[in-house]
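What follows is a set of structures to go through.
Okay, so chain A shows up in both of these, paired with chain B first and chain C after.
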Partner chain A sequence: MNIAVCVKQVPDTETRIKLTDDHKAVNEDDINFILNPYDEFAVEEALQLKEKNDGEVTIISLGPDRVTSAIRSALAMGADKAIHIKAEQHPADPAVTAEALAAVLKEGNYDLILLGKQAIDDDHTQMASLLAEELDLPAVTVVIKLDIEGDKITAEREIDGAHEVVECSLPAIIAAQRGLNEPRYASLKGIMRAKKIQIEAKEMSLADGQLEIVEFNYPPQKSAGKIVGDSADAVPELLRLLHEEAKVI
Partner chain B sequence: MSKNVKPSFSKALFSGVLLDELVFPYPEMDKEEKENFELMRESFKKFAQDKIDSEKIDKEAQIPQEIIDEMKELGLFGMIIPEEYDGFGFSTTAYVKMLEAVTEQDPSVALTLGAHQSIGLKALLMFGTEEQKKKYLPKLATGEMIAAYCLTEPGAGSDAAGIKTRAVRDEKKGVYVLNGSKIWITNGGIADFFTVFAKEPIADTKGDEHDKISAFIVTRDMPGVSSGKEEDKLGIKGSSTTEVFFDNVEVPFENLLGQRGKGFKVAMEVLNSGRLGLAGGTLGGIRKVLKDAMDHITQREQFRKKLAEFELIKKKVSQIAVDMFAAESMIYLTTAMIDRGDVDYSLESAMCKIKATEVGWESINECLQMVGGLGYMNEYPFQRALRDVRINPIFEGTNEILRLFIALAGMQERGEYLKKIGGALKDPIKGFGLLTDYATEWVVNRVTTERIRDVHPSLTKAKADFENWAKNLHFAAERVLIHYGKNIIYREMVSERLANAAIDLYGMIATISRVDTLIKKKGEEKCQREIQLCNAFAEQAWRRIRRNLLMTDKNIDKDLKEIAEFMTEEKQYPFETE
Partner chain C sequence: MKILIYAEHREGKIRKITYENITLAKQLGQPFEVLVVGSDVDHFADEMAKYGAEKVVFYKNSAFAQYSPDGYAKVIAKAVQDRGADVLLMGATSTGKDLGPRVGAILNAAMATDCTKVELDGDDLKLLRPMYAGKVHASIRLTSPVKIVTVRPNVYSAAEAPASAQTETVDAEAADFKAVVKEIISGAQGKLDVTEADIIVSGGRGMKGPENWHLIEDLAGLLGAATGASRAAVDAGWRPHDEQVGQTGKTVSPSLYIAVGISGAIQHLAGMSSSKYIVAINKDPEAPIFKVADYGIVADLFEVVPRMIEELKSKN
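And then the complex of A and B:
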């Protein structure tokens, strides 16, 4: 099985995000970048499918030079090949990324395209659907269980309060949700092996996007806690505040 | 000057020579290795956060076998073993940084890996024959065999001359017959590969036999090898610590490590390079606890202020940062010295171990203090961190013995230079158990240089202080040598002060070099914090140095010794108010 996994490099979830002075971008100094956690599930699934059915796993990522370290992470887990679509930065408009990825995916003739359900930095959650449109393929998103028999895919999706089971046939696009599998940890052996793999660099002129980032803002400071009372009398007021102000119930 | 003697920054320092080419510019990791290391660190962090439960490891006093097995899969047992023997060929720098990352997650786990690679298999790596390496290193790299370093005995700790384990050659069988026991052996209960130091009678040129120490490879499958029960320890409870017994163990001649009778040298060189793992690991231990403490002080309020806003809390937090910065600078300057291979790093290695382990104890203790009563509760991890870090100033050479080593080995060269006492000085120091076997004399013909190269203007004051107090250390050492002569080995309080001054000087030069190099790379503006840390350390350090050196001449050592002797007779505190 010929599998492609589209991955994105994102800031580590533990990184404290600082903005540039003009608030138009994230200040990348001192940021630790990682492979998008949802993409790890996609890589793991690809590797398991490869182990079961033979084949090859190709990692594809778009972005500046630094994204090669995320590609290396995926290779270190056990992927075979990698393509780096060079770009000065990640486009603000996911459609631009989708178009570029699609161009590369078309050349590869893949049986299956996997990716994370969303990137944890800009959270657009659009890539699977955009690629489906570009490539005219079925896409199944938020997948927590995947079975492939011959050409037939059975995928279980996580939807609000329930699971949905859908079927489609290869080739298709699958967007992984947490729970799909337990990603393996890169071993030193895998890391050394990955070092020897040449990452194919692709220069490509990207389309102009239709979205523009106007401004980033820090999340509001958490306000101090409030003590409503210390007896059962305070419960109604607490409920009201939790419902109306905090909006958690 | 003998040809094989390698230059030592700190030994030269005692002699008034500043070998700044050994410490400038501050070393940087090889780019490719850095990438490998960072990938591995990331991968291990994920693994640890998913799988390692430090509270459980501490409570059950055992690391679950699945964790050990998975770490073998990850390749963590073969980090420092060269690729040609199926390892991953990490430099000392990358290896120590990895141990730092592992300790941050769990000190018992780090110690298991550290005892295996920093000391357990290190003698094989440094002194083994090609056949020995081919036979064992691949198995050690995968963790199929786990290694332990067996030096300490009931009667022999820092004083290796007290070793009672004996090896007797049986020429007919072609084996050494090994008898004796070793105590407090890390990995003792789980190891399959033991580096064992034992005494064997060796004839000198006249044919007289003397007991000399030799090193041997002993494996678990040899009949007569056994381990005692797991020790119940204060901390690092998950790591295995046992007695190891050798009862008529037949060790083939080919398992001799290094030359016959040269086991001393083997033991020392292994420890010299191995100590860095412990030093680096300690930093990781602080990192973890500090994060927990910072969470607390940025949340808890008293008098309507966050704890972090109080000046006495700020003092603690900044002191931890200053000390960690200095210790870190020293450690990774020294690991690079080990990796370049052409420098004598024995003193620096001891300095890093002392500095890091004391900073570790103090910083973790201060973190516990910052969180107050909560830190004392077993429900929180602070007490565990304090228990775990407490061993560090004790093992791999107590900090006391290492201070004496630093001072005496530092002065040894100067002693030689001062011919009038040179001969008198050398023998007693050489008789000082474990600590010697170091070549000397190499700086003898160097002209005293009191200046180091120019550094960035923001560090000029620190540099000038370094130069000034380096000169003063040299003068103090010389005064001490002339005053005490060979008796300096009995003036431990004097030696300790010189060692402390030397450690601070090494800390100063390491931070200056690090920040100066960083400014060259990033520009002054981006290094403001580092400049501040460097200058803060330098200010604190030279004041400590001044105090230590002033006390070379003016002190109350005599009174203190008399009080101690009185107490020793009384064996208790015999006073009470009227």
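And then the complex of A and C:
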């Protein structure tokens, strides 16, 4: 089985995001970048499928040179090959990224394309659906369970307050949600092996896109409210405040 | 600017976000129509009229009884073109997020996901969307002729505004579906999802173990709330991941968020600090959660929560 996993490098979840002085961009100094957590589930699923069916796992990522460290993390888990689509930065419009990824994916003739359900930086949650239309392939998003028998895929996806069981056939695109599997840690051997793999670099001219970020701002700061009390005896007063002041219960 | 609102429905019920989007369209003061895709859906017109929809368009085909992302995307894109809509409004729900980008790809229309503010700016839209799970807000513009906007549930509250709705039915074509839903497995009976809930009671590491979760569930039950959890509680295997609130879980904006035994790691705060009111119950006065809480009780949750349950029961 020939599998591609599209990954993104993102700031880790503990990062306090700082903006540049003009509020036009995120200040990248002091950011610890990681492999997008949802992409780890995608990589793990690809590796499990490879272990079961043989084949090859290719990691594909778009972005500036720093993203090669996220690519190495995925390789260290056990992926075989990697393609880095060079770009000065991540495009603001996910459709631009989708177009570039689709061009590379078309060349690879993959049976299965996996990715995380969302990147935790820009949170667009669009990539799997965009790729599906670009490549004219079936896609299932937010997948927590995946079964493949021959060409037939049965995937369980999470929807608000319920699950859907979706059927389609290979080749297909699957967007992984937490719960799909338990991603492995890279072994020391895996890390050493990953260092030796040549990452194929691709230069590509990217389109301009149709989503413009006018400016970034910090969310309105919530000021600390009142401490109603320091024991369970404060409960009646808390409930009164919620009922009469906040009017939410 | 003509707006088309996609009516989301599941198992015979319109999702609340649809009414919220109708209210939003009315606030924007722009002409709008509601689009319903499905098989047996005519009865939805009256419900939509209750919130002020004056025109409801049905795109019907028996094949649409089953959800298919590719199949639905095609017919929605067709409807956007047929109706001459400039803006497609959807909910930032699992369905909206699944479908929106596909419709965008078909129509070469840009999409803004999970908007928390939609404003008119001349004949353009000014949109606000949280990024990094809410650590920053981006003010954005879509420059494509057709714009797709998904709106976060609970941000605009649906307001009843009875109107009489004209209806129009189109016998829509259904292409061969590539992916199709065979079954819906409902969650625990009556279980409310955190993204749609008006009140959330959420538990964290301070709960000490899954065996104590009846406290969260009982309190939630009395308040008609959904139950949530911190990443620590989910990582420990105490709660299912679909309850997780935070940057690697769900971002929520309820009217009331009650954080029980949650210290307030930055990635959790990002996911819930846009709640209208926050209550924190934690015995550590230094816990960061108190920095965003409107009301706090610094005490042992195992004393506070049972007391809340008792007080609420005596009031009911």
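In this section, the second predicted complex is superposed on the first by the 225 of 249 C-alpha atoms of A that agree within 3 Å, B and C clash if a C-alpha of one lies under 4 Å from a C-alpha of the other, contacts with A are read in each partner's own complex, and residues count from 1 in each chain.
Quick note on the criterion: contacts are C-beta pairs under 8 Å (C-beta built on N, C-alpha and C of every residue); 3 or more make two chains touch, one makes a residue touch a chain.
Remember, it's a predicted structure, so these values are computed and weren't measured experimentally.
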Partner chain(s) touched by A:Lys195 [first = chain B, second = chain C, both, neither]: first
Partner chain(s) touched by A:Val43 [first = chain B, second = chain C, both, neither]: neither
If touched residues of chain A are counted for chain B and for chain C, the larger one: C
Which of chain B and chain C A:Tyr185 touches, first, second, both or neither: first
Contacts of A:Ala76 with chain B and chain C, given as first, second, both or neither: first
Partner chain in contact with A:Ala139 - chain B first, chain C second, else both or neither: second
Set of chain A residues, in rising order, touched by both chain B and chain C: none
Residues of chain B touching chain A in the complex: 32, 35-36, 38-40, 42-44, 46-47, 70, 73-76, 78-79, 83, 88, 526
Footprint of chain B on chain A - complex, ascending: 29, 34, 69, 72-73, 76, 185-189, 191-192, 194-195
Chain A contact footprint on chain C (complex, rising order): 10, 15, 67, 69-70, 73, 93-95, 97-102, 104-106, 108-114, 126, 129-144, 178-187, 191-193, 195-196, 199, 223, 240-242, 244, 246-249, 251, 255-256, 265-267, 273-274, 276-279, 285, 290-300, 303-304, 306-308, 311-312, 315
Residue numbers on chain A that touch chain C, as the complex places them: 11, 13-17, 19, 26, 37-38, 92-95, 98, 120-127, 129-130, 132-134, 137-142, 154, 156-168, 172, 177-179, 209-219, 222, 224-232, 234-236, 238-239, 241-242, 246, 248-249
